[in-house]
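Notes follow once the structure below has been shown.
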Amino acid sequence: MTLTSSPPAPAVERGRVRLKGVGKVFGSGSQAVTVLQDTDLDVRPGEFVAIVGGSGCGKSTLLTMVAGLEKPTSGTIETGGKVALMFQEATLLPWLTATQNVELALRLQGVDKAERRDRARHLLQRVRLGRYVDLRPHELSGGMRQRVALARVLAQDAAVVCMDEPLGALDALTRDQMHDLIEDVWLEARFTALFVTHNVREAVRLADRAILMGGRPGRIIHAEENTMARPRVMDSAPVAAAAAGLTQRLKDEVASHDESDYFDI
Amino acid sequence: MTLTSSPPAPAVERGRVRLKGVGKVFGSGSQAVTVLQDTDLDVRPGEFVAIVGGSGCGKSTLLTMVAGLEKPTSGTIETGGKVALMFQEATLLPWLTATQNVELALRLQGVDKAERRDRARHLLQRVRLGRYVDLRPHELSGGMRQRVALARVLAQDAAVVCMDEPLGALDALTRDQMHDLIEDVWLEARFTALFVTHNVREAVRLADRAILMGGRPGRIIHAEENTMARPRVMDSAPVAAAAAGLTQRLKDEVASHDESDYFDI
Amino acid sequence: SSGPTVDAGPVRIGYFPNITHAPGLIADAAGFFGTRLAAAKATPTTSSFNAGPDVIQALLSGSLDIAYIGPNPTVTAYVQSKGAGVRVIAGSTSGGSSLVVRAGINSAADLKGKKFATPQLGNTQDVAFRYWLSTQNLTATKDGGGDVSILPQANSAAVQAFKTGNIDGGWVPEPYWSSLVKAGGHVLVDERTLWPGGRFVTTNVIVRTEFLTKRPLAVQAFLEAHLDALDLCAADAGKARGFAASQIKKITSQTPDAGSLAAAWGNLAFTADPLAATLRQSAANADSVGLLVAKPTDDFASLWQLDPLNAVLLARGQKAVAA
Amino acid sequence: MTSPTTSISERRPLDPIDVPARPRPTRRPGRKVLAPLLAVVVLLAVWQGVVATGWRPDYLLPGPVTVLAELGHLVTLPEFWAAMARTLSRALTGFALAIVIGTAIGLATAGSALLRASIGSLITGLQTMPSVVWFPLAILLLGLGEGAIMLVVVLGAAPSIANGVLLGVDQLPPSYFRLGRVLGAQGWTLYRHIVIPGALPAYVSGLNQGWAFAWRSLMAGELLVVIPGTAALGNRLAFAQEFADAPGLMAYMLVILIIGMIADQIFSAWSRYLRRTRGLTQA
Amino acid sequence: MTSPTTSISERRPLDPIDVPARPRPTRRPGRKVLAPLLAVVVLLAVWQGVVATGWRPDYLLPGPVTVLAELGHLVTLPEFWAAMARTLSRALTGFALAIVIGTAIGLATAGSALLRASIGSLITGLQTMPSVVWFPLAILLLGLGEGAIMLVVVLGAAPSIANGVLLGVDQLPPSYFRLGRVLGAQGWTLYRHIVIPGALPAYVSGLNQGWAFAWRSLMAGELLVVIPGTAALGNRLAFAQEFADAPGLMAYMLVILIIGMIADQIFSAWSRYLRRTRGLTQA
């Protein structure tokens, strides 16, 4: 609790995310579960990082900590500038319409009323929900809700945008359109993106760097830069090849551990 | 309200699902939205049907009606025997542990206490959650919750099992294991499966027949029998080829409509 | 007279833990109820109440047989039951209410524009006050307006309101009269001065009519006990007061202040005479200030049923009383 | 062996699975109003039935006809309406005060672990105190007047309202708080945009309860404190009770009941509206 | 232009974002007990402060020392404990009855649109009635005695409990009902396994309120009739007031407050337990 025990945080520039020796333990005593261990990661400002890993390996926990919603049990996380997070569940406020849900993000940034509305509608159009702007969450389908949440996180205008499986509930066609959209907005705004996905080709399609995570306890097992020229085409051979490589890497990594340890038997 | 106006339902055999001219309208008057129109479908007992379609085209609505949770606005739905439904959201009861959530399904079928517990644990092991049986929903990751819900729907021992994007939140490896699991249980129990997915290859991997749905208003645009020998391998060339064919079909269908009508601009 | 000499069965008696109900308190504390009713093989149970309406409700609905009660609830019970429900079988207490005011108020004229408490709109003291004001050519409306503001409120609240200066006095019964005096008030009108002979009914004893007809022996035994208590009041005021005080303590867990109790005692008189004429007059006064619940069709002709009392009085060598 | 077969569109309305597990929004507009009236009618009929058996003399238990006649007479009297106006205006003022105070306390205790642990119990503890014991204190603090009545009304109603806020906040999914923080909402902004709207349904229920207790305390208050020149429902109720005026008492009870039911209808409509827009009404 | 930089693990505890928007489960075990005690101590200190100013004579507003001395004296008396035991046992009996009746009414109205529309308002309407007006009815129906007191207690408490059930059911996500139906739960089974556990947090809050009103009505009900020698807390309180015994009145008020706070602590602990196991405690 003394001030001297925490040295002044070194300033990191806007858009940078730096994790040093980050660990996370839920519970305490005999109930303690180590969910994340000794994780180091340095994300450059404006970098697009995809995170891939097994179910329950700690991806969401990592994003939650980057967004400042949970504190790491050990290590430090430094972030430059505002961090936005799109949750794994859409988490729309049920008393607001789709537009109002997006508008709320703008309002909390102090965007004024007239502009708010226009920007919210425009974003909803870009996630192809232009016809549904006035529906409430319970009147939307699962994939439509997810897209409202996507529109909202993009509305946040943050330096770091974390997205937790943002396109998991979308069909292939819509998903491809969302890839274009996310890439476009990212190229315009040059935010730093942390993008969790289970679709390795999606990771290759979008990311500058793919991070593979292993589970029990969660940790980074591999990172791979991706210098392919943009725009990349999801169904193209190079993307498929890179994805196959990554998938193999993930499988090898799993095989090198006791499977029963990685999978939760 | 008179009895004579509804002719006696023709008996359909256990496991059959028959939709005749089914339509669904939400709201009324000027607020009315036609979500599903004039849908005919006949599912043979024991058949595995995958449903693929754009976001918001009415897949969940269809499953909900088959499970008897909503009534069609027009047409009839006949089902033989008990219908189980795995919702698009995991919908676990937060006051019960993973085991208890699965046990509840057994309990409501009258399975006795000792057996209940064993079967629940066994199912959770099969969805690779053996180590997490005593955690509560909020302590589980998104993909883990989804697997608990999968275990629960399989525990229901129903004649017709509807699954709404049951594997959407899983990584490729775990998903492949779940494919094997679902196929195994289906082969053992010979239930009729209605399986909504956005992954066309997954549809090819699992289904006897793939149904493509179009949107605005939702309707069936194409159905394709799949007679490939089982077990099929997701990453194999024939599965990929069949999937590519289906995806093309879906895209053609979309192209033949005004895109702005299919996508919600 | 011939007939049964025993009257086995419960006899349920009610009173307030209040000095104006002293004969009841004394008869209970001194064991008179027990002894007299036991002689008739009846079993007395006593209960203490806080509000007249509850007593009436209990009596009329058959949960209570005999009660010590003020004239106002007596009239109410009689009138509301269309003369059928209850009978007065004895008197109990006379006197004990007055208008106590703060220093500086020395005449009726000084009351103008001031605020005074009464226990309850339309109750005995409230009617007395309003009637007296009318004889002084002062007005007071039912909702507290007029020349003089009458604010009905619980007696204890009135005492507190007086202490905090919120009201200027009140027309209240004992023991609150003494409390107000103790809190610095002085008596402007002693109600005894308004009545012939200085006597007016404050408490009498009522009985359920059905009980009176069906259980004459129990009523007789009760009256013996009641008269025992009255005799004790006359013979040994100190001892009687002691019994009353101990019974109040037993019920309320509060020890009444001995000084106030003695002062209050001095302002009261205990008598078996129901002072029927004063009740009639009080009802007429209520009528004249518009606060009579309803006029009895028979002018209270059958309210008093004093034959049993007179029989007992005569047997004890005392004078009979009249309705 | 024949398997059970069901045809959904053809089930008859009373097939168990079709009986909604919770009320669906009713389309017939009159029903919301008719149903409580029906309940009142049933109540009156039962009451008349009991009276008709002659179980108790009618001066103890008057029949509905007598009571309704009394009520019919009451509503022709201007004093009745004056009393009603006075009591209603007190109730509204006191309730408004209680809303402000109860909401403030509720939000403060909901937002602070220390405040909640410390004064949370104190508030509920105070709620267990009957209104009458507050009068000495109220008179001491505020004199014998409207102030004292208001104090008692606020003491009666504010805890229920605070409790509604607390329950509403406690029941909010933690994901809403997390969302709020991610969107940059803190302190009052978080409350304004996330917590308060989220807690609204429980809050409305708290308000409904608060109104009931405001009214109840007011009746007690009007029994004890009379303000010069003002008749109020509470006094009239007490007057009827003092005179064992069963028809009058019951007529006033009916008046109170009707006002209470109207208030409940308002709060219920509000609550139904909230649930409908949030998609909480479909089973 | 320097960008804002934050280092999460190094924030100081009072950094705004770290102040939990809602209380986290506290680890120090004593705090749940200490905090309310602290509140009481603060209350006593303020009170002593007011008294020390000499604003009012001490027979009107006695200081905490006097009152605590009186309380200290009271607790040495066996009659006090007898009164306490009598009142507590009445409260518990009445509360138990109110739970049964309130829960049954709550479940019935929650489960039926017709019942809800019809008697829902009636129940809240009844709640607005002060306890005293029930006395005549209670005496008429149940005679003088425990029965009448119980009726008043139940009438006071049951509506709050029924309301808690209703609110709990209304707030349940519709997805739970759908799940229940898909799992084959209907009628009572649906209630037993889904609705009741789901509504439990709001129900506990309703019980807490119900207890407060059971107690409050009991205090009024105990004034109805006293068998000499069998005093209970309610009439002791009233008589302390009658006799202008300010220290005694305040001592009894403290007793009631303490019992109310203990009850609230029990219900709060229950509610905290429920929220913890459901993952509702993390912001």
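Note that the chains take the letters A, B, C, D and E in the order they are written out, and that residue 1 is the start of every chain.
Definition applied: a residue touches a chain if its C-beta (ideal position, glycine included) is under 8 Å from a C-beta of that chain, and two chains touch if they have at least 3 such contacts.
Note that the structure is a prediction, hence the values are computed from the model and not measured.
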Leading chain pair when contacts are tallied as C-beta pairs: D-E
Chain E against chain D, contact positions shared by both copies (same if over half, else different): same
Chain centre separation in whole Å, for chain D relative to chain C (CA means): 40
Cα-centroid distance, chain A relative to chain B, in whole angstrom: 28
Whole-Å gap between the CA centroids of chain D and chain E: 17
Chain D: positions in contact with at least two other chains: 17, 56, 60, 136, 140, 174, 178, 181, 241, 244, 246, 279-280
Set of chain A residues in contact with two or more other chains: 68, 82, 89, 138-139
Multi-chain contact residues (two or more partners), chain C: 53, 57, 61, 160, 164
Complex contacts: residues of chain D adjacent to chain E: 16-17, 20-24, 26, 31-32, 35-36, 38-40, 42-43, 56, 60-61, 110-114, 116-122, 124-133, 136, 140, 159-160, 163, 166-167, 169-174, 177-178, 180-181, 186-187, 190, 195, 201-202, 205, 208-209, 211-213, 215-216, 219-220, 223, 237, 241, 244, 246, 249, 253, 256-261, 263-265, 268, 271, 275, 279-283
Residues of chain B that touch chain A when the two form their complex: 26, 52-56, 59-60, 88-89, 125, 128-132, 139-144, 147, 164-165, 168-175, 177, 198-200, 247, 250-251, 254, 263-265
Residue numbers on chain E that touch chain B, as the complex places them: 175-176, 178-179, 181-185, 189, 193-194, 197-198, 200, 274, 277-280, 282
Complex contacts: residues of chain D adjacent to chain C: 56-57, 59-60, 135-136, 139-140, 143-144, 224-231, 235, 238-239, 241-246
Residues of chain A touching chain D in the complex: 64, 67-69, 82-85, 87, 89, 91, 93-95, 104-105, 107-109, 136-139, 156
